[in-house]
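Structures follow.
In the two complexes below, chain A is the common chain; its partner is chain B in one and chain C in the other.
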Partner chain A sequence: MDIRIKEFKKIVTSPIIIGLLVLFIVYNSIFIFQNSYFREELRVLTRLVDRFGYEIDDEMLEKYRLYYEEQLVSLNKITKEKTSKNYNSMAEFFADYKYGLEDIYDREELGLIMELGIMEAYYNTIEEIDEVYSSLDIMERAESEINKFQLIDKAAETVRNQYKAFSERFQQLVNNKEHKNLFFLGKVYRLHSILFKSLFKIIIFEIIILVVLITAYIVNYEFDNKTEAITYTTKRGRDLILDKLYVSIFSSLVVTTIILLATLALYFIIFDYSGLWKVPISSYFNTDHNFPYLSWWKMSFVQFLFFTIGLVYSITLLFNGIIFIIARAIKNTYFAFFVFAIIFGLFLILPRLAPNSSNTIFIGAFTPYFLILNPHVWFMEGGAFATFKYHEIVTLVIWALMIWVLSILSIKRFKRQDI
Partner chain B sequence: MRILAHELKKIFNIKTIILLILINIIMYFLFTEYDINSFTINRPSYDIYKMFVEMEEAYGEFMDEEEFQDFKIKYEEAIKEADAYIQSREDFKRAGVNNYEDFINMDRENEDLNQLYYDVVFDKGIDVFWQLPWRKEYIKYYENREELMLAQAANEKQELRVKEILDKGLETSVFNYAVFFNYNSLMKSVSTSILVSVMFIITPIYLRDNKDKINYLQYTSKIGRRIFKKKLLAGLLATFILVTIQFICFFSIYSTNNTSMFFNKNINSIYNTIISWYDLTFIHYITISVIGTYILALAITLISMLVSSLGQSYIAVIGIQLPIGFFIIITASRYLINYMTSISYPKYFLELAYVVLILISLILMITRWKKEKQADILY
Partner chain C sequence: MLIVTNVSKSYGKLSVLENIDIEFSNGVYGLLAPNGAGKTTLIKMLTTLLFPNEGEILYNGTNIFHMGDGYRDILGYLPQEFGYYKNYSARQFLNYLAALKGLERNLAKVRINELLELVGLANVADKKMKKYSGGMVQRVGIAQAMLNDPKILILDEPTAGLDPKERVRFRNLLAELSRDKIVILSTHIVSDIESIANEIIMIKDKKVLYKDSINSICKTLEGMVYETSIDYAQANRFRNHYFSLSEKQEGDKMKIRFISENKLDDSWESVSPNIEDVFLYVYKDEVIKEG
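Moving on, here comes the complex of A and B:
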């Protein structure tokens, strides 16, 4: 045990790893603050959900409407006093005032105006849900994806089959009314993209850089410091490589936890999700591009978040294994780092060579390298290459097995290798 | 000289070269390839390009009023060609579309008409239908060129510059944004590949010897600490060779884009998206961007060597180089290589930025050399 603690110490006392960790967290914080200019507006929805709940049904809608009209009356009182005008909706109101609201109304009144404007935006979105979902055709989406990547024959057939399976799930989703739940308006705030597309992608890349450095550092430590002739000839000898593997896994998990904890804690302090944790992730309000996010399973936001975090941990372990095998084979840490980067690049460009008519084109999608590029559509409908129901799990299992076998072979070879 | 050759051999060892080639191939396919191919395939950039090639042949460097009248006639001829095409098709006749005028005013909400529109423009991709909107647009551009140019000036200095361009009549230059934009985005990805490659070969330069304690031998030999300078020279030379080779490769690929007829055309054209502080032609701009990349490569070489001479292990050096490289490459592709000499930057921004970059890296390296001359290598 003691030897593992000593190995772990090598990492903790390395100023570079600590320095990078701090730098990354600072970078993430800057990223979050840059996107936080609308955080005050989010409170409006939090208050609405406190009052009405997030599930949209007729009763709730009625209450919502009454409350909205009540507020509109109180606004009209103010406007009558100041400008002697009456308004039927906020759209009308804003059409009158493009600029200069601040000159007429005081702070409190401006707050009411903003709140009413946002309330109306949510109300309008609720009204359009049924229309949007009745015209949403999953198979049409499949065809447009097929066109986008110019797939033909078998490949196109596979995509169609995926989407056929998905349209069943879509029916279920609509029957469950998963889409009819209040959530932060995606078209305006794009919070799903900010959190799961940008922030998680940044986090994953940072974790990979740290994992690569840690693992390569610890595995090749003896060779870098010319102590291999001592350490590997002792009684413990070459079993040390196993200890190094365990310590690198442990350290990778530690840095992953630190980065995730620091970043997500700051994110959820800045953006207040209280009352909305259990809203299904497939809510129509979450949509931030032209197609809604539709999950394969009924998942609440917090479940989705935890599944994503879980997948990040699993991918960390995969990359840990990959870099362990590379660093074990290439003793020069510098080259090991670049070989890792090159393999990464190859896995991104080689799938392009696959013919667009056969199913081999989908092999490229089942790699961790592909997975980390699209964290915002994990467990969801995700375009031509990522709509397989068990896409993430299959990738994980296949790669975990492969890396496990290769690691064992690598360790076995190391034990008999000429140093 | 012999030492220099040996140092160069150490930099360009076989493993490094193999990895270097792989890195460049991957970066080419990930970032550069798209722009090389897109230019001749994507629409409307290809249509605009073809139109300008035609204009270049007919009008030469600038388009004067007389030639503009000819350009208008060409527009009318193109409309006639489109008319003829529309009239040759039965389905248009049935839909009540008899000429190009009807075609653009077609009710696209109507499913059948929309289908026809898609068939002509996207499925069949008839050239003239792609060209016509741009011809029309560019006639408008030419007619309103003074207003359009002045509208791009945000402050007095920029306005003065725009007026200067208008006085000289440079805005009528036969040069277009399709070529320029394409070159600009290519240059960004190429300079990124170059900087990454330079960092890759230069970073181990001192570290390799320090780590193996070879510097103890070197510093006590006859040549002594002057070897530090020799390595520096070898590094700079290696960068120069590498960047030159990469540029040769890039420009031989770029030559397949066939833009040489625009080389002597002024870039401050109304059809372009840049207004420069200087009266540059396209070949001048290319030269400036190449020189800029050389300077960036030089600066990154010096910084990498500094990190290399200070670092204790490869991991430490990679850890330091990652944020530095990331920062320099992002800054370069956003400000230093992107739309160089544009009036959206302050007038002497570019010159100053490059001078400051060179000065900082030089001063850092000189101080490092002064310290190294007296450093106690055994602590």
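Moving on, here comes the complex of A and C:
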């Protein structure tokens, strides 16, 4: 235990590691603040959900409509007084005022205008749900993905099969009415992209950089400082490498926790999700672009968040193992870092060289390197290469086994190697 | 007892040591050879850093590589290139190594204080090692080697970086420590071991050339070492005929110590050979190359 504490101290006293950790948290905070200009608008939905709940059904819709009309009447009283005009909708109202609202209405009135505008946007979106989902064709999506990557023969067939399986889930999703739940309007705020595509991807890359540095640093500390002859001839001897592995795992989990906690705490302070945690992630409102996010399993937002966090931890451990094996073989921290970067690049490039007619083209998708590129579609329909029901789990299990075996071999080799 | 049996070591195709047989019992052993002769390779095998390609090394009859931590527990080692952590104080550094050596925390504390006192670093024990002179760092190295009160103490070029006063102090320390230990001291500086080594081991052409007491080794040159004074003008011609061991100025003449199988001149004075003479003679090819 004493040895492991002393090894851990080497990490916490490293100015590069601590400096980078602080820098990353500052960067994430800046990123969150830069994207927070609409945070006030989000509160409108929070209030609506407080009043009506998030599940959309006829009863809720009726209440919503009545409330909206009530508010529109209030607005019309004001507009009548100030401009002698009446409006049937906010769209009509905004068509009249491209600029200059602030010159006519006071702050409180402007608040009502904003709120009503947003209410109407949500209402309109509710109205279009059934139409959108009745025209959604999963197999058409499959064909568009096949065309996008010019897949043919077996590769194309695999994509079709996966999407066929996904079609069943899609039907289930529609029957469950998972899509009919209020959530922040994706097409306007793109919060799913901000959180899961951008922020989580940034977090993952930051964690990987730190994990690579920590692991290479601690594994090669003796070789970098030329103390290997002293340390590896002590009673603990080459078993020290095991202590280093455990300490690197522990430290990687600690930095992962610090970055996740600091970043997500700030994110959820800035963006108020209260009342929306249990909304299914496959809600139609959570559509950032043209196609909704459709999960393989019925999952609430908070479940999706925790699964994503869990996957981040798992990926952290995989990269911890990968860099342990590399750093053990290459007895130099910085060189190990570069080799890791090269391997990273190769794993992203090489799969593209596989023939587009063969299933080998999918092998490249089952790597942690591929996985970290698309955290926003984990556990979801994710395009030609990631729409496998157990894509994440299969990748994790295969790589965990490979890394486990290679780590054991690496440690065994180290114990029989000339130093 | 530590026994090296028929040990060979090569790096790829480059053979460094061949069929080495040595036995060590308590006492000081001087491993004497020029740089590159394989001293460090032998030492690294004795410390389990390198694995022999052939043969085995036994401690009390058991292969040291099978003994594992049981062997390393009785081993103290100061390597030739002694690295340290610049931002650690001597005390922190020794504490870290004490943990690796499995010393209980309180015992380590006492032992570290004793050793810091012994190597004369007690007053600077809490200063960062990056502020230390080369000699001070070397003394930390000696202290760490002795932390676990080893039964086998292996020191590779331990006096490198020490000033003459420190060397004397170190030699005395070693003489005192060696009573119940195997001390193996590798050096290419003859004076380091002349006065304290019970036996000298010389390695030449990948093999053990001598492993004997200083007296016995010196006897191999008995009747072959002479001193005489010659004119400076004759120096070159003289060197071409005889192997010069040392030369010094004496008035307007040069006093030369050299090797000759026979006494060819009455003015030559036969002198007792010392270990340095043997070293220079044995390694004359290497010495010439290095020179």
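The rule is short, and it goes like this: the second predicted complex is superposed on the first by the 419 of 419 C-alpha atoms of A that agree within 3 Å, B and C clash if a C-alpha of one lies under 4 Å from a C-alpha of the other, contacts with A are read in each partner's own complex, and residues count from 1 in each chain.
One rule holds in what follows: a residue touches a chain if its C-beta (ideal position, glycine included) is under 8 Å from a C-beta of that chain, and two chains touch if they have at least 3 such contacts.
Keep in mind that what you see is a predicted model, and the values were worked out from it rather than measured.
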Partner chain in contact with A:Arg416 - chain B first, chain C second, else both or neither: second
Touching partner for A:Thr227 - first (chain B), second (chain C), both, neither: second
Partner chain(s) touched by A:Leu346 [first = chain B, second = chain C, both, neither]: first
Which superposed partner A:Ser14 touches (first chain B, second chain C, both, neither): first
A:Phe335 touches, of chain B and chain C: first, second, both or neither? first
Set intersection of chain A contacts, chain C complex versus chain B complex: none
Chain C contact footprint on chain A (complex, rising order): 2-3, 6, 13, 222, 225-237, 239-240, 416, 418-419
Complex contact set, residues of chain B against chain A: 15, 19, 22-23, 26-27, 29-30, 200, 203-204, 211, 313-320, 322-323
Residue numbers on chain A that touch chain B, as the complex places them: 14-17, 19-20, 23, 209, 213, 216-217, 224, 332-335, 337-339, 341-342, 345-346, 348-349, 352
Complex contact set, residues of chain C against chain A: 44, 47-51, 68-69, 72-73, 75, 77-79, 81-85, 87, 95-97, 99-102, 105, 141, 144, 148
